[in-house]
Amino acid sequence: MTFNAAALLLLIAGLALIGWLAGRARSAMLAGRSGTKLHSRPQYHGWYVALWLFAPAALFLAIWSSVSPALVTNQVLATEAAQSLPAFGFERGAILSDARGVAEGKQPAVRLPAAAPLVKAYADAGEKYAWIGIAAMLALALAGGLYAFTRIKPDFRARTRVEKIVMLFLLLASLVAILTTFGIVLSLLFESIRFFRLVSPAELLFGTNWAPTSGAPQDDTFGGIPLFWGTVLIGAIIAMIVAIPIGMMTAVYLTQYAAPTVRKWVKPILEILAGVPTVVYGYFAALTVAPALRNFAVMLGIPNASTESALAAGIVMGVMIIPFVSSMADDSINAVPQSMRDGSLALGATPNETIRQVLIPAALPGVMGGILLAVSRAIGETMIVVMAAGLSANMTANPFASVTTVTAQIVKLLTGDQEFDSAKTLAAFALGLVLFIVTLLLNIVALRIVKKYREAYE
Amino acid sequence: SSGGAARDYISAVGSSTVYPFATSVGEKFAEATGNKTPKIDSTGTGGGFERFCAGVGGDTPDIANASRRIKKKEFDTCAKNGVKDIVEIQIGIDGIALGEATRGPGFKLTEEDVYKALAANPYGKPNTAKTWKDVNPALPAVAISVFGPPSTSGTYDAFKELILGRGCDANPEMKALKDSDKDKHEAVCTALRGAPYYVEQGENDNLIISKLDKNPTSLGIFGFSYLDANKDKIKAVPVQGVSPTYAAIADGSYPGSRPLFIYIKKAHVGVIPGLAEFVAEFLKGAGDGGYLNAKGLIVSPKAIADTAAANGKGMTALDGSVLK
Amino acid sequence: MNRQTAPTDWKGSVMQNRIAKRYAAERRFKLFGLGAVLLSGAFLAFLLFVMVGNGARGFTYTHVAVPVDFKAMPLTIDTARLGDADANQMIANAGLADIVAFAADEALGDGGSALISENAWKEVRSAIIDDPELLGGKTVFDLPASSEVDIAAKDGAKGALGATVAKLKADGKLGTGIHWPFFKNADATDPAVAGIWGALKGSILTIFIAFIIAFPTGVLAALYLEEYAAKNRWTDLIEVSINNLAAVPSIIFGLLALAVFINWFGICQASPLVGGLTLALMTMPVIVIASRNAIKSVPPSIRDAALGVGASPVQVVFHHVLPLALPGILTGTIIGMARALGETAPLLLVGMRAFIGDVPGGICSPSTVLPMQIFLWSDEVDRGFVEKTSAAIIVLLIVLLSMNAFAIYLRNKFEQRW
Amino acid sequence: MTQDDLTIADPKMKAHGVDVFYGEKQAIKNVSIDVGTDLVTAFIGPSGCGKSTFLRSLNRMNDTVASAKVTGRIELDGEDIYAPSMDVVQLRARVGMVFQKPNPFPKSIYDNVGYGPRIHGLAPSKADLDVVVERALVRAGLWDEVKDRLAESGTALSGGQQQRLCIARAIAVDPEVILMDEPCSALDPIATAKIEELIHELRGKYAIVIVTHNMQQAARVSQRTAFFHLGTLVEYGKTTDIFTNPKQERTKDYITGRYG
Amino acid sequence: MTQDDLTIADPKMKAHGVDVFYGEKQAIKNVSIDVGTDLVTAFIGPSGCGKSTFLRSLNRMNDTVASAKVTGRIELDGEDIYAPSMDVVQLRARVGMVFQKPNPFPKSIYDNVGYGPRIHGLAPSKADLDVVVERALVRAGLWDEVKDRLAESGTALSGGQQQRLCIARAIAVDPEVILMDEPCSALDPIATAKIEELIHELRGKYAIVIVTHNMQQAARVSQRTAFFHLGTLVEYGKTTDIFTNPKQERTKDYITGRYG
């Protein structure tokens, strides 16, 4: 007999089902007997009972399954067989878990000889605590169920209660986003603070020399400007020069000119572009686009053109995010009321005048949202940059030169030959924090813009 | 942490250079003992030590793969976190090869050429060389362009130390500087120029090789084993007149050779099933004529190999005081 | 005519010229649009074409016919134990590898054992386990060629190897076939036995975990925000964080996962569980945004109708709004999941960039995922992995395409028009 | 207020001093009105005068508008419908509503009508539900047209049929009052005539309130008419009186087409 | 057809035997009508009878509905507007349109009005455009209300102002005919009164066609009235005749509120 949480969960689920049936039957019976109309339908009474039966017991189960192993181990340690265990933590732990594994039937035999004598102790203790836990859980389930059961009356508002719980779930779900945000901030903050103790924030934000491992003196190697510039050059300038016109024109064509069936098929097909793994794009950029661009640059008379170029990475990235721009623009152009279009056409405007001067300005909030998402995706992209734009931090406006981006550096710093508390590793977290704050600000601005325009509309 | 249940598989982390050897050994080990295949994580040497030194227990790795020796600082952190006994085994030697495309101009370089072409401040003055000819009139007049590993990798450090550093020290003034002002010496001797001269790549040697294929006048820096596997696409560039061949690396006549290690957490031996057998398998594979040779691992000199074998057998812990 | 100005002369040449120009602009504009669509389509087609062109070969392998005569070289094992769990080991320890190598040398000439894969003997081993009778006689096995031979056979190499291969071909000892181990095995160091199934299963498990967490949470959050939440500062905060999370670079989720799931909760490293949790956090915001749009497009009249017959707000949502919004929600979800499927960066940080030689058994066993496998193989020394990498990319693309196709199907099937 | 001439013995609903605000803006000012049990009451008045607003406060549909606030007292059978103890969901089951634009659920005809009874548990078994659905469709005058295609989608019906389906849906939960907000404005004359006929038939079984823009329609279907203007109730009385002999100048102006 | 009693000497627009189909469905059946230069013509009839459809075929706005097909002949100044040689863009500039719901562009008031003249090149310089915009706004009776805030968004105006802005926008391109589709149905009585006044003032400068649901409005603003029913033109004549002495039974029934 061991404490098997999954089986017990099934057990109380079964009890809850019984509770559901009982609650339902009782409410129906009460209604029939007293001749009054039930406030809530019998199902809801059933759910009410089932929830009371299930929730406290399940909560207990969760708690118990996290504390009972410690209790079991304590009891085992108190036995005589355990006195000869080594004092050293890990070895001890390993022996105990080996014994536990056998006692619980998860493994056929002990791997460590020292564990053998403990198997029985584990089995005994496990059984004891399993029974205690099961008894407590059942008691709790019954108590909850009975409490709910006795509250059933024709005018009892079971539905309202049950719905309150549903609402609670919805609220909790939406809080996950906040929790994640907090989690990100926290997981970045501490390391960032440690970094900023070593390197001043001003240095990171405004310094112009990024060389985390050059032999140069420590203080002037963490200037983030070249990274920020590289990020902007690749993600916000070159990629957007590719993605915005193509994406917008695609959206315009599909919404305004193409037949509905064409749109229905072409739109999702283009969305595949966004799903192709970035490693694939990386190879494509590094081995196909970059050499072609270099030859082109040499032809133009830029002899020093690098094989790694911001242009190669940016163009391929632009292709990757075309669907972000086109899908969002498509949706928002479609959402512009037909009356706007009619209004313009009725004045004698041609379709392209209507699109450029009325529809696109009116769809701007949505289009901006799409572009923002696309920019963020471009900024966050690493593989393409690592493979095609190199990792050298350069301050250059020459698109044929090699530059690097913030995220590429984060990956490099975290996966390379790092030392734990060196400023080098910590810099990754500080960069992450900066990036996070920037996207947050962008989003706040975007929300403002969208709100302002949306209000003007309706 | 010192908790975590015992795993039933071996976990190794660290150097991407050691990774292909470790994976081969892992496979053989699983095959021979019936244990699960070890999980080998390619994080880079430093990243490997960071996780290795986080503590003992099932949630920390058993082995750190390294393409350089553990540093004193890393060793101390380990000790601080309760990882007291570490077994060091040098599994062999790796060569850092310089290569070019087979249709390339056929470079023949000296350490000094490399230094003058790639150092940020050769001998303390800003580097103005644009073509190899600027560095040495005997070299072809093609733009300096070298693809190499990222500044955070062990290979990069080794390249700086082994080739650049020596090229620098060929100058007596610099050698003197080493004793008078260590920091300055390091800055002058090992700081690399950026793109388009030294172009950092991700940790992907195949990509470097593919890029050489497309850029026949560029040079690349990668592990010896890749040279071997891509003979049709690339050829080795001799340094100081020595080509990176098996023999030249093994006997140390090729300048770009460095030792490879694995570090074993002694506390896990006997707890994680098969750990000792895995180490034995590693030693067997790395031995003279072992299957790792075929993969490009170069056997250590006899004395070192014997120490390694002894360490592996007796699980002798490393004495931290010998580290730098 | 009671006009203040002369009426516009629409027929005049000035106006006619102008109109001609406007129409020309209109045609140009439309052409640009078509061009943009075709250009994006061409990019896609080119990518797919290149990928398929490179990768198709990765699904086939070259095999060499090698006769092994067990009568001449007996394998001394206890055939009664072939059914045991450790039969594999027993055969390995009995030296089957050497026997096969010897047989190859004999059959293919000196250095013949180098022409077959170093793991070729494992094929013989499984054959023996399937049929112990083989041990008594001489059998011709079709064994996988070494990767040099494989490449040479596929590419037509020159030099000594080329000659050898040509000769083998002429002798009819060389053949090609579908490389089944590729679909059955996990990662290995030898391309002849390396397979995609381990990573594919890892991806499936990871995506599954991500889905069962992100989907309900995302949909419920979207319902809350769209249907119930009062529009105030708090909901603005939630809205901003969700939009922001959708835009946060994926690597940052890796940092979070490392800190929370691994260092704090100690969830099994490099497992589909931890990878799935990480990707769930990453995809949830995408699902929320898609769901909110879908929910928004359910006409308010439906809600009024349901409220009007006395449905409670919860009933309105679960009986009407959710079913009607479902196609939109599902398409958004699938697209989010497709992105998660191709994601590498955050998984680098939770230990999934690893050599995993066994097919993952469950959600807590070590595992890798398709894009990571592609990434790892792309850096393998052995040239045989080049085409395996491309083949793995094709597998990933197929999974991706089927997810997209499913999304299109859902959208077209359930789309409601009002 | 000119209600003195009007006494409804046992009003089904009673509004007293009702104000409705949308945020700052007051859309209904101090309106008091009684809705008789067996009568059809028509609300008329120019666009934006607050007819819909007032109608929606009778079954608390205004609750769904975040900015809306209702003060004053509205009773259903003497019970304050804005009291905290009042259960909105039950209230809406008792006071049904039909909207301006037909809004059937995108479900089968059967499910459209069956939805209300099902969620309120009015028909425990499938057989019961069949009976309830049929009765509602018969009452709504739609049974003959749809009895062979109950499984078809409600949205596949014509506009007029859809609106009758919505009425059937409202009837099916057995309400006491039916509120209709311009139920014919989206319909063609023939469909309109059918709905008006239906209202005639339903009268007496339910208390009916109908908002209309169309004075002729008000005259045809109602027994009581309330004329709203700029949020106030200008005049309320017997329909015949209002149309033939309005007491207020504004009512007269409106009815004779001087504005609106 | 009862057009014999009606002669318009020099019709601005002339429709002859017009049919309009939406796919299979015929929405307009054989309608012939003349629109006089200095007159306001009202189209009345129950909902769905085809008023809007016919109106939209007068400036080919129906072209934007993929399924719509127009046959028969419609002339503007004697020229067939459906002839291939007819330029739709210019046609729409000459035959302006105002919609049921005010639909200003989300741009400044100035740009709303200036949009048409700009695309048609009617005002080469900024100064010219200023003049054109001012003149249009003056004519639409909006100048005094907005002259100080021309840079504000057109959507920030009240409903009635928005509708006048839309009229100004239509006037600004100097059209010859203005079509209005229920221009007041979304407005309150005061705004409605302003628009009606405006129509009075514009009459004589432009040929005006107005669709309305409201017979009183038709009576107030128009000189000619056409009554449509189920896609056919039932009766067309002087407004006073139609309202006081309709020739057709159906017209009479409709006007007296027997249906609709």
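Note that the chains are named A, B, C, D and E in the order they appear, and that numbering of residues resets to 1 at the start of each chain.
Everything that follows uses one rule, which is that contacts are C-beta pairs under 8 Å (C-beta built on N, C-alpha and C of every residue); 3 or more make two chains touch, one makes a residue touch a chain.
Note that this is a predicted model, so its numbers are computed, not measured.
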| item | value |
| --- | --- |
| Where subunit A and subunit E overlap in contact partners, by chain label | C, D |
| Leading chain pair when contacts are tallied as C-beta pairs | A-C |
| Centrality ranking, top chain (CA atoms only) | A |
| Chain whose average C-alpha position is farthest from subunit A's own | E |
| Gap in Å, rounded to a whole number, between the CA centres of subunit C and subunit B | 32 |
| Rounded Å distance between subunit A and subunit D, as computed from the means of their C-alpha atoms | 48 |
| Chain centre separation (subunit D, subunit E; CA means) in Å | 34 |
| Distance from the mean Cα position of subunit C to that of subunit A, given in whole angstrom | 19 |
| Interface hub residues of subunit E, defined as touching at least two other chains | 89-90, 93-94, 119-120, 173 |
| Junction residues of subunit A, two or more chains touched | 159, 283, 350, 353, 414-415 |
| Residue list for subunit B, restricted to those that touch at least two other chains | 3-4, 43, 203-204, 207 |
| Every chain pair meeting the contact rule | A-B, A-C, A-D, A-E, B-C, C-D, C-E, D-E |
| Footprint of subunit D on subunit E - complex, ascending | 46-49, 185-189, 192-193, 213-217, 219, 256-260 |
| Of all residues in subunit C, those that touch subunit D in their complex | 230-231, 299, 301-312, 315, 319-320, 324, 416 |
| For the subunit A and subunit C complex, residues of the former touching the latter | 159, 163, 166-167, 169-171, 173-178, 180-181, 183-184, 186-188, 245-250, 252-254, 256-258, 264-266, 268-280, 283-284, 288, 319, 322-323, 326, 331, 350-353, 355-356, 372-373, 376-377, 379-383, 407, 410-411, 414-415, 428-429, 432, 435-436, 439-440, 442-444, 446-447 |
| Subunit B contact footprint on subunit A (complex, rising order) | 88-91, 93-95, 97-98, 107, 111-112, 211-217, 283, 286-287, 290-291, 294, 303-308, 386-387, 390-394, 401-402, 404, 412-421, 424-425 |
| Residues of subunit C defined as touching subunit E within the complex | 2-5, 7-8, 10, 14-15, 18-19, 22-23 |
